[in-house]
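Input: structures, listed below.
Two complexes are shown next, each including chain A; its partner changes from chain B in the first to chain C in the second.
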Partner chain A sequence: MLQRLKTLRRYPSAIIGIAVLAMLVIVSIYAVIAIPYGEAIRLWRGGPGVWDDNPRNAAPVWFDWFTSDALPRTIIVSTADAGVKRVEPIGGGKNRVEITLPFTYNYDRFPNELILRSEAVSESSTRTRFSVFWRTPAGEMVPLATDRAMRATDSYYISQDLNVSSKLPAGAVRPEVGLFSDYAVSAPEKERTPVKGEYAVVIQTEIPEGADYNARLVVYGTVHGVAGTDHRRRDLTVALLWGAPLALVFGLVAAVGSSLITFVLSGIGTWYGGALDALFERLTEITMIIPFYPVLIMIGQFYNRSLWIMLGVTIALSIFGAAMKTYRAMFLQAKEAPYIEAARAYGAGNMRIVFRYLLPRIVPVLLPTFVTMVPSFVFLEASISVLGLGDPVLPTWGKIINDAQTNDALYKGMYYWVVEPAVLLMVTGFAFSMLGYALDRVFNPKLRTV
Partner chain B sequence: MRANLLQLVRYSIVKAIMLGIALVIALYLTILIVNMGGRLDEVRKAEISFAVSQAVLADPGNAGVPPSELKKQIDARTEIEFRRLGLDKPFLIRSFNYLTTAMSLSLGRAEQLVSDSGSRLVRLIILERLPATLVLFGTANLLIFFTTLWAGLALSRHYGSWVDRLVVTLAPTSAAPGWFYGIFLILIFAAALGVLPWGGMVDAPPPTTTLGYAASVLRHMILPTLAMFLSAFFSSVYARRTFFLIYASEDYVDLAKAKGLPSRTIQNRYILRPTLPTIITSFLLMIIAMWMGAIILETVFNWPGLGRLYMQAVNINDTPTIVGVMVIYGYLLAISVFLLEFIYAIVDPRVRIGAGAKKGV
Partner chain C sequence: MANDVLLSVKDLHTWYELKKWGFLHAGYVRAVDGVSFSLHRGEALTIVGESGSGKTTLLKTILGLAPKTKGEIVFAGQKLDGKRGGVEQLRSQVGFVQQDPYGALPPFMTVRKILEEPMLINKFGTGAEREQRIREVMEEVRLLPVNDFLAKYPHMLSGGQQQRLVIARAMILRPSLIVADEPVSMLDASVRVEILELMRRIQTAHNLGVIYITHDLSTVRYFSERVFIMYAAKVVEQAGVDEIVHNSLHPYTKALLTAIPDPDPDNAHRYRDVPSGEPPSLVNPPSGCRFHPRCPVKIEGQCEVEVPPPFEPMKGHLVECWLYKA
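Then we have the complex of A and B:
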C-alpha cells in the first residue's frame, strides 16, 4: 500500500493536487488561529461599529495594477490626528469651536462616499448646532450644512444630502462627484475628473464650556484590502480565509462519514447475507428514489440552515446511496476468495473476518473514490448557499457567491465579488480531483497500463 | 431461451414492486418533511385566521357591528376556510390523503402559485414548466452522450496522442458542477462581452413569429447547455476512453484483428456492442444526477423549468406544489432506477439468477 503511494510521485497532477491541498490546510490553520470561530461569526454578522470605516462594494487594491489611473483609497481624518481644533471662549459660558480636517486628494477617480462622524460630550440637554464647510484646493468655501442639529454621536451622510446636490456645479448629480470636481466647468458626470490637491472640511459650532466636540471625516475609496468589500462594507478576506477550513471540513467529514459508514455496513451486510443484506438493499432503493437536493433544500427551508445540520443530513442521505451497490458487488466477489475460506477454516469469528480480511481487501478501490468524492461535497455546500439556504452566521465561499448574485454583482461589473470565491472553490475542487484521478491510476491495475 | 425470458420477466416484476414500495415510502417521508410532521399546519392556520379577521374588519359593511358579533363572524369564516383546505382533520389522516393524491398524479391544487394560464392545479403548473426543463436537459444530455461516445472511441484509437493526454489532464475539471461553470460563462459572455443573454428562456417581449421564437430560445439555451457540457465532458470522455481501451485489449478483439477484420467492424461489433449496456447505465446515472442539479442550474440561469418552480414553491411554503414536484422527481428517479436494474438484468445473467437463488444459499 505504502509502496504504491510512493509511485504517486510520478504523477505531476498528484503532486500539484497535494501541494494545493497543503496550502489550503496552512491557510485554514492560519484562519482559525488568526480569527477564532466566534470572532469570525461576529465579524461576518457585522453591525454598528464593526465595518464602519470600510467602503461599500470596493474592489481589491490590486485593481490598480490594471489601470493607469490611481484608484482612490479610503482617507480618514480626525481631530485625533491631522485635524486642527481651535477653541475660543465667546462669553456667556460658551466656547466657539472650529475644526479643520485637511486631506490631500491625489486620485484619478471620484470617491465612493463621504461621511462626517462627530461626537459631542456635553452636559447640557439642549442640542447644539453646527455648520460644515467644504474647502476646495482653490480656497473656495462651499457651505454644506448650516445650523445642523447635533446628536451626541452624529453621522452626517454628505453623499446623501439633497441640500448639497443643489449647490453643486452643473452636470454633477452625486455630491461626492460635484465636491471633488471643477466648479467652473459644466460637463456631465461621466466626463468629469477629480481636481487633485489639498481639501478640507471645516466645522464650526458653539458648545457650552466644559463640553468637548470631536469630528472624523471618512472619504471612502473605491478599492479596499486584498479582496475588496461587499454591500455591507464587510472585508471579503474574512470570508475567503474562513471559507477554506469550512469547505475542507465539510467536504472531508461528509466524504469520510458517508463512504466509511457505507463501506463498513455493506461489508457486514454482504458477509452475513440473508435478512440484513435484503434490508440494506431495500434501504438503498428507497434512498435512491428520495431526491437528494430537493430534500436538503426542504430541510434548509423548513427546519434548520446550520452548516452542521446540513452535514449530518448529507451523510445520513448518502449512507445508503448508489455506492452501496458498487461495494456490495465487490464484496460478493471477495467473499468467495480462497483466503477467506482459509480464515474460516482456522476458526476466525465473523467480525474478525469482516474487519481483518474482507474490508482491507477493498480499501485500494475505496481510497481514490473517496478522494474524488470530496469536491462534490465541497460544491454541495456551495450549491446550497447559492440557493440562499446557506448557514446564516458562518462565512463560506458559497455565501459570498450568493450575496454577489442577489446584489447583481456581475450586472454591475463587480466581477471580483464572484470570481474570488469561485476561483478558490475551483482550486480546492480540482486539487482533490487531480489527486483522486492519480490515485485511481495507481490503485486500479487495469488503468495502469492505459 | 424461454426459461431465460421468464426469469427476466419475473425479475422485472419483483423489482418493479420493490421500487413501487420504495417510492411510496420515499414520498411519504417527503410529505412528512414538507409539513414539518404537521407543525406547518399551525403556521397555516394562524395565517388563515389572521387573513380572515383582517378581511372581516376591513369590510365597510361591518362598520357598526359590535365586537362580539364580529368575533362570531370571524370564527365562522375561519372554520369554513379550515374545512375548505381540509385543516379540520388530524394531520395523520391528511398525510395519507396527500399520499394518495400524490401517487395517483392528480396532485391537487396549489395554495398560492398560479400557472401562466391562470390555473391553480398543480398538475397544470408542472405541465407548463416541464417542457422547458425537458428541452434544455434533453438537448444537453443527448449532446453530451453522443459527443463523449464519439470522442471516447476516437481517443481510444489514438491512445497516447497529445489530445488524449490533454483530456486525461483536464478530466479533474468535472469536479465542478454545471452551475459553477454557468457563473463563469455568464461573466464572460453576458457581462464582459455582452453577446449572449444573461438568463431566461426567451427575449422580452417574446418574438411573434414561430421562427423568431425558436431562434430566441436557442440563443438562450447556449450558455446553460455549454455549462452542463463543460462540467460533464472531460471526465466522461476519460471514462469512455479508458473503458474502451480495457475492452480493446480483450483476447477476442486481438483475434478479430488477427482475422483481418476492418477496424470499423471491430469497433462496432467487438468493442461497442459489449460495452454499450454499461455505457447506457452510466448515462442514466448521469441523467439522475442532472435532474437534481437542475434546481441550481435553472436558478442561476433563471430558466423557467421544474427546478425554478420548486425553489419558488419552497420559498413561499406552497406545500402542494412542493409535493407535486417531488412526486415528479420521485417517479423519474424510480423509472430511471428500474431501467438501470432492467438493463443490468439483460446484460448480466448472474443478477437475475442471484435474485432468485439468494435464499437457497
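Then we have the complex of A and C:
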C-alpha cells in the first residue's frame, strides 16, 4: 500500500493535486485558528459595529494593479488620531468645540461613500447642535450641515445628503463626486476627476462644560482587502477563508462517510447473503430512484438549512446509492476467492472474514473512487447554497456566489464577487480529481497504459 | 506406520438442493453419494476423478466447508456432528492445501501475516512462540532464507514458492491430517515433482494422514499407497497404487489410464479407444451402475438396473462393477 502510494510521485497530476490540497488544508487550518467558528459566524452575520468601516461592494486591492488610475483606499480620520480638537470656554457653563479632521486625497477616482460618525460622551451634550463644513484643498469652506441635532451616536451619511449637492457649485452630481471635484469646471459626472490634495472636515459645536464630543470621518475607497467586500460591507476574505474548511469538511466527510458505510454494509450484506443482502439490494433500488437534489431542496425549504443537517442527509441518501451495486458486484467475486475458503477452513469467523479478508481486497478500488467523489460533494454543497438553500449562518463559497447573484454582481461589473469563490471551487475540484485519477492509475494498474 | 484410524467416513452424502423460483424444491445435485473409507495415521490416500466427479465436494464436506446431508465422519475417534458436520471442531487438526496457490493466498497480506492468521484465530501460543513456529514451518517447506520472505506479498513469490507457502500455512497448526485439492495442477511441470516430494517428506516426517485429490493419475505414484477412483459422486474402485496402474479392473479406470498422455511420437498415428460421452448429470444420475451408458463392456439387463455393491476380487482391491461379481 505505502509503496504504491510512493509511486504517485511519478504522476505530475498527483503532485499538483497534493500541492493544491496541502495549500487548501493549510488555509483551512489558518482560517479555523485565526477566526474561530463562533467568531466566523458573528463576522458573517455582520450587524451594527462589525463592518462599519468597510466600503460596500469594493473590489479587491489588487484590482489597482490592472488599472492606470490609483484607486481610492478607505481613509479614516478621527479625533483619536490625526484629528485636531480645539476646546475654548465661552462662558455660561459652555465650551465651544471645533474639530478638524484633515486627510490627503491622492487618488484618481472618486470615493465610494462618505460618512461622518460622531459621539457625544455625556447625556447633557445631546441637547445641543453641531455644524459640519468641508474644506477643499484650495481652502474654501463648504457648509455641509448646519445645526444638526446632536445624538449620543450619530452617523451623518454625507454621500446620501442631497442638500449637499445643491450647495455645491459643481451642480447636480452625487455629493462625493461634487465634494472632490474642481468647482470651476462644469462637466457631467463621468468626465470629472477628483482634485488631489489636503481636504478636511470641520465640525463646530457648543457643548456643556465637562461633556465631550468626538468625531470620525470615513472616506470609503473603491478597493478593499485581498478579496473585496460585498453589499453588506463584509470582507469576503472571511468567507473565502472559511469556505475552505467548510468545503473540505463537507466533501471529505460526505465522501468518506458514505463510501465507508456503503463499503462495509455491502461487504457484510454480500458475505451473509440471503435476507440481509436482499434487504440492502431493495433499499438501494429504492434510494436510487429517489431524486437527490429535490430531496435536499425540500429539506432546505421546509425543515432546516443547517450545513450539518444537509451533510447528514447527503450521507444518508448516498449510503444505499449506486456504489452499493458496484461494491456488491466486486464482493460477490471476491467472496468466492480460494483464500477465503482457506480462512474458513482454518476457522476464521464471519466478522473476521468480512473485515480482514473481504474488505481489504476492494480497498485499492475504493481509495481512488472516494477521492474523486469528494469534489462532487463539494459542488453539491455549493449548488445548494447557490440556490439560496445553503446554511444561513456559515460563510461558504456557494453562499458568496448566491449573494453575488441576488445582487446582480455580474451585471454591475463586480466580477471578483463571483470569480473568487468560483475559482476556489474549481481549484478544489481539480485538485481532488487530479489526485483521484493518479491514485486510480496506481491502484488499478490496468489503466496505466491508457 | 501406526495402525490407528485417523479419519473414518461412512456412507457420506452431500446433496445440494436445487430451487425453482427461489423457494420451490426442484431436486438435488448429488455431489457425493454414499462414500465410505477410512484413513490411518501416516497414510496417504489419493482420490482420482474427472471434473465434476464430486472429489472436491467430498473434501469440502470433510473440512466442514460444505454441509453434509447424511453419513458419519469420525476423526481421531471423535464423531463430528457440528452444525456443518465436518471437522470444524478440530480445525487445527486438519490442514488444507488448495489448487490455485495464488488465489489461496490473500494478496494484501505479507507472508508473516498469512502464516500468523491461523494461529491467531486458533489462539496458538504467545507472540514469540508464533514467530518461532512461523520460522520453523518456513524452514521445513524451504522458503529460505526465512527473513527474505517474511515481509513479501504473495505476488512477489514464484508459483512454486506460493504453493510452499500454502503448504506451510496448512502445516502451521501441527495438524494430523492434510487435505490437498489438486495441489500441483496449476503449477509448472518443473515444480510439480518438487512440491509432491516436499509433501511426501512432510507426511513421513510428521506421520500425517493425507488425502490427495487429483485428476492426473501420473502424479499419484509420487505420493500415495492407496488410490480411490471416483465417478459420478461414487467411489468405483479402490486399490493400492501399483494395483491400479498395472491391474485396473473397473472399465472407467481403464479408460482413465488409457487417456494419460504418453510422449511417444507414434501416438499421433495410434487410435486410443476411450469411451465416448460425458460424465452423467448428478441431478438425475443413471440407474444402476452410473457408468453403464458409456461402458464398453456393460452387461445388458443388469448394469442399468442394479447398483453394483463393492466386490473384492483381490485382497485390498475393491471395485463396484458387476463384471467382478464373485
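Here is the rule we use: the second predicted complex is superposed on the first by the 443 of 450 C-alpha atoms of A that agree within 3 Å, B and C clash if a C-alpha of one lies under 4 Å from a C-alpha of the other, contacts with A are read in each partner's own complex, and residues count from 1 in each chain.
Quick note on the criterion: a contact is a pair of C-beta atoms (placed from the backbone, for glycine too) under 8 Å apart; a residue touches a chain by one contact, two chains touch by 3 or more.
Please read all numbers here as calculations on a predicted model, not as lab measurements.
Once the two structures are superposed, chain B and chain C can be ranked by residues of chain A touched, with B on top.
Residue contacts after overlaying the shared chain place A:138 against neither chain B nor chain C. Touch criterion not met for A:23: it reaches neither chain B nor chain C. When the two structures are aligned on the shared chain, A:34 is found in touch with neither chain B nor chain C.
Using the contact criterion defined above for the overlaid structures, shared-chain residue A:357 touches chain C, although it does not reach chain B.
Applying the stated contact rule after C-alpha superposition, one finds that A:344 touches chain C and leaves chain B untouched. By the touch criterion stated above, A:173 is placed in contact with neither chain B nor chain C. Looking at the shared chain after the overlay, A:434 reaches chain B, while chain C stays out of its contact range. Overlap of the chain B and chain C contact sets on chain A: empty, with no shared residue. For chain A in complex with chain C, the residues that touch the partner chain are 1, 337-339, 341-349, 352, 356-357, 360-361, 363. Against chain A, in their complex, chain B makes its touches with residues 18-19, 21-23, 25-26, 29-30, 33-34, 36, 40, 159, 168-169, 171-177, 179-180, 183-184, 186-187, 190-192, 198, 238, 242, 245-246, 249, 285, 291-293, 295-296, 299-300, 310-311, 314-315, 317, 322, 325-326, 329-330, 333-334, 337, 358, 361. In the complex of the two chains, the chain C residues touching chain A come out as 63-65, 88, 91-92, 94, 96, 98-100, 103-108, 117-118, 121-122, 166, 169, 173. Residues 13, 273, 277-278, 282, 285-286, 288-295, 297-299, 301-303, 322, 372, 375-376, 379, 382-383, 386-387, 401, 405, 410-411, 413, 415, 418-419, 422, 425-426, 429-430, 432-434, 436-437, 446-447, 449-450 of chain A are the ones that touch chain B when the two sit in their complex.
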